[in-house]
Amino acid sequence: MEEVKMQEAKYEDFKIENPMKEFARKFLKKKSAVVSLGFIFFLVILAIFQPAPYDIDETDYDNILSEPNSEHLFGTDEYGRDVLSRIITGTRLSLSVAVTAVTIGAFLGSILGIIAGYYGGLLESLIMRFCDILFSFPGLLLAIGIVAIIGPGLTNVVIAISIYGIPTFTRVIRSSTLSIKELLYIEASRSIGVSDTRLLVKHIFPGTLPALIVTYTMRMGTAIISAASLSFLGFGASPTNPDWGAMLSTGRDYIGVAPHMLLYPGLMIFFTVLAFNLLGDGLRDTLDPKLD
Amino acid sequence: MKQYVLKRLLNIIPIMIVVSIIIFMFIHLIPGDPARIIAGQKATLEEIEIMREQLGLNDPYIVQYKNFMLGILTGDWGNSLKTGLPVWEVIIPRMKPTLILAIFSIVWSVIAGISIGVISAINRGKLIDYIVMVGASSGISLPLFWLGLMLMQIFSVKLGWFPTTGIDSLSSYVLPSITLGAGITAMIARYTRSSMIEILKENYIRTSRAKGLSEFIVINKHALRNSLVDVITIVGLQFGFLLAGSVLVETVFAIPGLGRLLIDSILFRDYTVVQTVLLIFTFQFIIINLIVDVLYGVANPKIRYQ
Amino acid sequence: MSSPLIQLKDIHKTFLASKTLFGENKYVHALNGVSLEIQSGETLSIVGESGCGKSTMGRILNKLLNPDSGEVWFENNNITNYTPVQMRPIRKKMQMVFQDPYGCLNPRMKIKDIVGEPLLVHTNMSKKERYKTVIELLETVGLNERHAQGYAHEFSGGQRQRIGIARALSVNPRLIIADEPVSALDVSIQAQVINIFKRLQKEFNLTYLFISHDLSVVEVISDRIGVMYLGYLVEITTKEKLYKNPMHPYTQALLSAVPIADPTHRRERIILKGDIPSPIDMPKGCPFSTRCMYAKDECFQTIPKLLEVEPGHKVACHLKSS
Amino acid sequence: MSEKLLEVKNLRTEFHTDKGKLVAVNDVSFYVGKEEIVGLVGESGSGKSVTSLSVLRLLPEQGNISAGEVLLEGKDLLKMNKKDIRNIRGGDIAMIFQDPMSSLNPVLRVGEQIMECTKLHLKYNNSQARKHAIDMIKRVGIPVPEDVMNRYPHQLSGGMSQRIMIAMAMSCNPKVLIADEPTTALDVTIQAQVMELMLELKEKNKIGILLITHDLGVVAEMCNRVMVMYCGRIVEMADVFSLFKNPLHPYTKGLIASVPKIGKNADVLPYIAGRVPDLSQMPKGCKFAPRCSEAMEKCYKEEPKLTNIDGNRQCRCHLIRERSEINE
Amino acid sequence: SNNTEEAGNKATDETATNTPVENEDVNMTIAVNAEIISLDPHDISDTLSGSATSTMYESLYDYKLDMSLEPVLATGYDVSEDGLEYTFYIREGVTFHDGTPLNAEAVKYNFDRVSNKEKNLKRRRNLLHVVSTEVIDEYTLLVKLDAPFAPMLNRIASIKIISPAALEKYGDKGIITNPVGTGPYVFEEWTPGDKMVVRTNENYWREGPKIDTLTFKPVTENGARIAMLQTGDADFIYPMPTEQVKAVEGDKNIEVIEGPSTIARFTFLNMSKEIFSDVRVRQAINYAIDKKAYAKVVKSGYAVPLTSHVPSTITYHVAQPEYEYNLEKAKKLMAEAGYPNGFKTHIWAPNDTENMKGMQFISQQLSKIGIEVEVVPMEEGTLSDSIYKAKTPEESTVNMWYVSWSAFDFDGATAKLFHSANIPPTAPNVSYYMNPKADELIEAGAIEVDPEKRAKIYAELQEIIWNDAPWIFLGSDVLLSAKRSTTEGIFVDPSGGIIATQAATSK
C-alpha cells in the first residue's frame, strides 16, 4: 500500500468570526425583539430629554379631567395637568425605579447564586433555603410586607422589588453556575491550577452572562408591573410623582368619568413591559441560555 | 416513594419553625401599634394601655414568641385583634373563595396555556406562532388590576354577562379567574412552546416519524408527554404568582379571600391573623412544591424507577 | 528502574449515583482498589469500555477528585491530602488533555488566553513574554500566530485538540494525563494528533498516562497497557505481551472485537454475552464473571487479585493465578 | 449483482440557514440490492446522515430535497403524498439511528414503542402486537422479553437499546434497513454483538441494508459494497475487497492509510492534512483538492465527475478520469 | 312535534312558577367601601360597624337625620338639678329577637357591661362619667354621674342595648357573631370580611322595613362598587366616589344623594415647631389656600368650606369670618413673621389616593407663598406610630397632618383636638395647641347643662380657636351616596351612618 504524504492544508482552514457580529446577525432576525429594542431605546430617549409639552406640575383648575383634544393629546387629569406630559416625564421615574430595583436584585442575587452554585455544601443549602423562604411568600406579598416595614415611597418600593428579585436571580445564576461548573473547560482550568477566584471571575461568571442578561430583561417587566401594583394597593410612589403606576392608581377612581386617565398610563405600562418581555424572548433565543 | 413523601413531610417541621420565627420578627418589625389602631383614633391613652396589656403586647418579644408557639402547639392560635373572633373563624371562610379562584385559574390556564404553546411550537416561525406568542407575552405584560377593571367594565357593566363582584355563584368567578389566569396562561404557553421546540428536535421524535406515525400522534403522544414533564414544574412555580395575584384580583372583584385578608390584616396590624395567614401560605407553598415534585416523579419514569 | 514518577495505591472511589427522589441513595463504584505506577518517560495506556473508571482514575491522579481511600504519590511525595495551595506547584508538573475537544476550551476566551492561562497562573512572565511563549507553543503543535486571535468554536476538532496540547505543554510538565484525546476525532485527523503526542514525548521527555478505549490507537503510542473493567484493573503489561499474549478473558474478547479494516481478514470473533454490569450493583465475585465463558464457581464468589503471573505481566483472574 | 431494492438518483439536498443556502448532499446516486449491505463512509459532516434522512424525507424543516429521485422498487418516494410516505416509513423502509439511548422516547415503555409500529403498519390489535413485539425482542437476543417490554428506555443499557431499536425496525418486515452509525455509540464488545445481529438478520430476512459509518473497520467486516462520501458527494464506490485492496481516490487512500492497524503500525502514522471544509465555504473545483497531495491545477478549477471504472467501480477524480479516458 | 312543544311549554311553565317562589324574598344590597369589623355594638368604633349593628340594635335615644336626638327604647328622661342623676323611662312592650323582654334590668346589664374597666370595650369612653346605674322599677332606670356632663344624652345614644340573655348565652366573644337586639332586622349571617345579611324583624315594635333581607357588602374598589350599582347588583352604595358622579349622571336608574356631614377636613399645624409657633404664619397659610379649589379638586366639588373648627351640622356651631383666598395678605403675614421666602416643611397623611390628593393640593397651594411642602404618605399604622411615639412636644416630628375628624357633639369635636391635656401621646391634639383660655372654656362647656349658657361658651371658644388658626381649616364633606331609583328608605346621616330602618324597594 502506498504511503500518503502529509502536507499542510493549502486553503484557508480557519476564519475569524467576531462573536458579537454573529450575535447581531441572529438577533436582527428576531423582528419583535428588534422592534421592542427600538421602543425601549425610544423610552430611554424620552427619559433623558423629557420632551414634555407642558410643565407637569402646572395645574389648571378650570380645565380638569378634559378629554383628549388637540391641546392635550392624552387629556388632562384631576388637577388639569397634561397627561401626556406626565407620562413622558414619568418615563424617567418609572424606568429608573425598575432599572435600579432589578440591578440591585441582579447584583446581590448573582453573587449569592454564583457562590451557592460554585461552593455548594452548607453554604449552598443556607442560601437556597433562604431563597426558598423568600419564594414561599408570593412575590408581591413580600414586597408589600417589606414596604409595610419600611414605609411606602419610591425608594422603599425600589428596595422591596429588589429584595424580592434576589431569589429569582440566585436560582437562575446558581443553576447556570452548576451547569457551567460541570463543563470540561472548567475542569481543564482547575487541572491547570487556576485559583477559585479567577475561575469564578474569568470562567464561570462570563458563562452565566447570557442567563443573567435574559433574566434581567424579563425582570424589568416584572419590576414595572410590581411597582404599579404596589401603587395600586396604596404602597407605591406618591402621586405627586409622575410615576405611571401612581397615575394609573389615581386614574382608576375616574374610570367612568375620565377613562383616558386609566387608559394611557395603562397602555404605557403595557407596551413597556411587553417590549421588555419580547426583547427578553429574543435575547433568550439568540443567546440560548438554559433557564429553568 | 412513600418513604420519600414521609421524609419530605418531616422536613416541613424545621422549615415551618424557621419561617414562624421569620414571620414573627417580620410582624414585630412593622411599625404601628395594634392597640392604638384597634382602639381607634378617638381612644384615650388609658384605653390603649389596657388594650396593650390584654393583648400581651407589653411582654418581651421572646415571651410573645413563646406564647405564640405554645398557642399553636396547643391548638390555640389566638383571637383576631381586629374582630376579636378566634383566628380560624376569621380565616376559614376566607379560604374557600381563594381556593376556588386558584383552582379555576390554574385549570383554565393549564389547558389554554398548553394548547397555545403546542400550537405555537408546531407552527414555529409562522404567522400564527407570532400572533399567539405576542398575545401570550401581552398576557404577562398587563397589570392584573387593570385587566380586571377593564374586563369588569366590558363584561359586567356593558354586556351584563357576569356579576360585577362577589362570590355568590360560580359565574362570579369567571372574570376573576380570567384575570388571574391570564398571566399564568401566558407563562405556561411560553414555557410549553420552548419545551416543545426543544423536544421536537430530539432523536426519539425523529424515530417516531421514521416509524411512520402521523404528525398528530407524534405531537400529542410522543412530544407532548415529554414536555408535560417539564411543564409540571413550571405550573408549580406559578402558585406563588397565583397567591400574589389573588390579592389584586380579590381587591378588584371584592372577593373575600385570603389575599385580601392578609393585606387588610397587615394594614390593621392584626398580628394574629397575619402570622396565621402567612404560615398557611408557607405551608401551602411547601405542600404544593411537594406535590409538584411527586407529580414530576410520577410523570417522569426516569425518576420514578431510580 | 528508578522510582516511579507517580503511583496509585489501592484507590477506591464511589460516587453518589444521583440523589434519587424516591428511595435510598445508591453509589457508583467507579474505582475498586486500583494500584499502578508510571515510570518517568514511559507511556502507560489505560483501555477499557465506557464507564469502567478510566477518567476517574485520571482525575484522581491529578487530584481533581479525592479518593475515598488509597494514596496518590508523586515524585516520592504522598500528595493524597494536599490542599489546593500545596497542589499548585505540583499541577505545574502534571497537565491534562481532555477527550472532548469541543468542551475543554472556554468558548469565551481567545486561544492565546487559553494557552497562556497556565503561564499566568504558574509563572511571573510579562504579558509580552507570555504571548511570545504562546506563539512558540502553537507553532510546536502546528498552528500559527494567526490562530492565537481566534475563539475555540472556529477550529476543527483536531486543531482544538492541538490547542489543548499546547496548553498542557506551556508549563513544561513532566507528566501529561491524556483522557481519550483522540476518541472524538475523525480517523484522518486522529493520526495527526497521535503523531504530535509521539513527537513531543521525545522532544520534551514527557511521561504519558494515555487513556483510551481503542486498542488499535493505544498500540501506536504505549509502552505498557493496563486494561480496566468495571472499576478494576484486570490486566497490565507491556504492549508486546498484551497483544501477543492477552491473558485475561476480557482482554482476549476485547482484542477480538476490534474491527479490522481489512475485508480479507474476516475471522471468528469472541462475542461476549450480555452487557457490562452496572457499577451500582457490582457482581459479587470477579467483575467479569457475568460475561466470562470460562467462569468457575470460584469466580462468582471471590474477587481475584491482580497478580504478577509472568515478569511484567499482571492479571487479575482466578484461571491464571491458580 | 442483485436486484435494486432502493435506488437513489442524483439526490440533492439543501439547507436554508441564516448563512444562506447550503448544499449538504449533491448529485448522490446509489442503490441497495437485496440481501446486501452497502456501506456509506466518510468523515464527520460529509453528508451521510442527510443522505439517509433524505431517503425517507425526514429532514429537519430547514432542509429540502431540491432534485433527484428515490426509488423503492421503482416507486418514487419523493413524489408520494404524506400519507403514502408514512406507510413506507417503518413499513418497507426502516431506520435505526446512531444514539440508541436518545432515540427511544423516555416516557413510554419499550413495549409500547415497538407495538406502535405493528399496530400502525400491520394493523395488529393489542394482543397480536404484544405477541409480535415479544417475539421480536427474543429474536434480537434479549433473554427475558416480557420484562423488557415493561421497562422504560433509561432502564436499558446502550447495547440493549440498540437491539430494541433493531427489533422495532425489523418488526414490520422491512425490505430495506437504513442504519445510521448503529454502533458508533457502543463499546467494542457490544458493537461486535450488534454487528453479529445485523449480519444474521440480513441473512434471515433477505433485506438490503444501507450501513452508514465512519469506521472503516466496521465497513471491512460487514459490507458488500462501499461508497465513500466527501463534502456531500460520493467520491468512490466499489466492492469492499477492491476498495481496501486498491483504493483509487486519494481521499479513500488517505482514509484507509490513516487507520491504525494493530501490529502493522509505522512509527509515524499517515494522515490527511487540513479539515473538511465548511459547507458555507466550499472550495471551487474538486472539494478534496486543498487536502490532496496529488492535486493538479485543474483540480482547483473544475470539479471532476463520477466516472465508471471497470464496470462496477466509480470514482470522482481527475487523475482517474484521465486514466480511464486513456483507457477508453 | 306537538308533544315536544308541549314539553317545552311545560318546562317554561315550571320555571315560570319556580322563579317567583325563589324570588319571594325581596332582597336589598348595600355596597360599602370597608369591612364590618365586629357586630358587638359595645366594642366598635368605626362608623360602618355602627351602621351594621344599627340594623339589629337600638339604643335609648338615637339621632334623627338632622342630628337631633329622639327617644327610641326610652320614652323619655329626667335630669336632676345638679346634672348628676339621669332617670330613663324604658319603653314597654319591646322584646329582643330572642324573646327576652326589654326592661330596666336589661338596660342596666348593658350599661354595666360597657362601664366595666376589665372588659375595656371601646364604648366605655362614652360612659366614663357614669358611677352607677340603678333599677328603680321594671321600666325606670337611674344613672348617676360623678360630675355634670352636658353631652351625656349623646353618649347614652351611642350605647346599643343587647339582649342580656344572649350575652349570658354567647359570652363576650360569642356575641360578636350572634347579635340579638331589638332592632328592625334580625341577624341572619355574617362572614367576616364578606357580606352581612339581616332579615326583617317580623315582631318589630314599630313600623319596620318593607323588604325581606338586607345585605351589607364590602367592596373597597370604587369602580367595582359603582359597577354593582349600575348592574343592579347593589341597591345602594355608600360612599359614592365623588370623582365618578359624572359617570352615572346620565343613568336613569341611578340617583346620587347629597347630604351634609359632621366630618371636618383640616390639617394640623404643629405649633410646638418653630415655624408654626407664630400665629401669623398659621393665618398666612389659611389665607394661602383656596378652599373652593380644594372642594373642587380634592372632593370633586362635594365639600363646603369649614366656617369654624366644627362643621355646621354640629349643634352650637357659629360661623366665623372667612379666611378668604388672598395670596398678598398671606405673603405679607409671612414677611411679618420673618419668613418672606417661606420655609421647608412636610405633610403627613395615609397613603390612599384621596389623602394623597389632599396633601398634594396643599403642597401646591403653599408653594405659592414660598412654603415648600414635602408630601409624605404613610401607611396608616406607621403614621399613627410616628405621631404618638413622641412623649413630649419637643420629641414630636410631625409638622403637618392632613386629617379629618367626625363627632356627634361639640365636645366630641373639640376636647380631644384642642385641650392641652390631650396632646400626643394621650390624644390627637397634634397641633400641640395649648391655650389656657381655651382649656377653660372646653371644660366649662362640658359641664354646663343649660343649652343657652353652653352656646355662649362655645361661641367664644370657636372664635378663639379660629383666630389662633392651629389648623388649616379646609372643608366639611358633603356625603354622597347613590341608589337605584327603585330604592326607598335608606339614608346616610351626617356622621356617615347608614340608616335602613325604613328600607323599601319597588324592584
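By written order: A, B, C, D and E. Residues from 1 in each chain.
The rule is simple: a contact is a pair of C-beta atoms (placed from the backbone, for glycine too) under 8 Å apart; a residue touches a chain by one contact, two chains touch by 3 or more.
Not measured: the values here are computed from a predicted model.
K.L.:
Spelling it out: a chain qualifies if it touches chain B and also touches chain E; which chains qualify?
P.N.:
Correct list: A.
K.L.:
C-D versus A-C: which has more C-beta pairs touching?
P.N.:
C-D
K.L.:
Approximately how many whole Å separate the CA-defined centres of chain A and chain B?
P.N.:
Computed from C-alpha means, the inter-chain centre distance equals 23 Å.
K.L.:
Report, in whole Å, the distance between the mean C-alpha point of chain C and the mean C-alpha point of chain E.
P.N.:
Centre separation, chain C to chain E: 87 Å.
K.L.:
Taking the mean of the CA coordinates per chain, how far is chain A from chain E in Å?
P.N.:
46
K.L.:
Show the residues in chain C shared as contacts by 2 or more other chains, in ascending order.
P.N.:
Where chain C meets two or more other chains at a single residue, that happens at 156, 159.
K.L.:
Which chain A residues touch at least two other chains?
P.N.:
Where chain A meets two or more other chains at a single residue, that happens at 8, 13, 15, 148, 151, 252, 255.
K.L.:
Two-or-more-chain contact residues of chain B, please, as numbers and ranges.
P.N.:
30-31, 149, 153, 251, 267
K.L.:
Any idea which chain B residues touch chain E in the complex?
P.N.:
Interface residues on chain B, with respect to chain E: 30-34, 36-37, 39-45, 47, 50-51, 54, 79-80, 82-86, 89-90, 93-94, 149, 152-153, 156-157, 160, 163-167, 251-254, 256, 260-261, 264, 267-269.
K.L.:
Looking at the complex, which residues from chain B come into contact with chain D?
P.N.:
Per the stated touch rule, the residues are 201-204, 206-214, 221-222, 225-226, 229, 299-302, 305.
K.L.:
Once bound in the complex, which stretches of chain D touch chain A?
P.N.:
18, 250, 253-254, 256-258, 270-275, 277-278, 281, 283, 289-291, 293, 295
K.L.:
Spell out the residues on chain A that touch chain D in their complex, using ranges where they run on.
P.N.:
Interface residues on the chain A side: 1-13, 15, 25-26, 29.
K.L.:
List the residues on chain A that touch chain C in their complex, please.
P.N.:
8, 13-17, 19, 183-185, 187-196, 198, 202-203, 206-207
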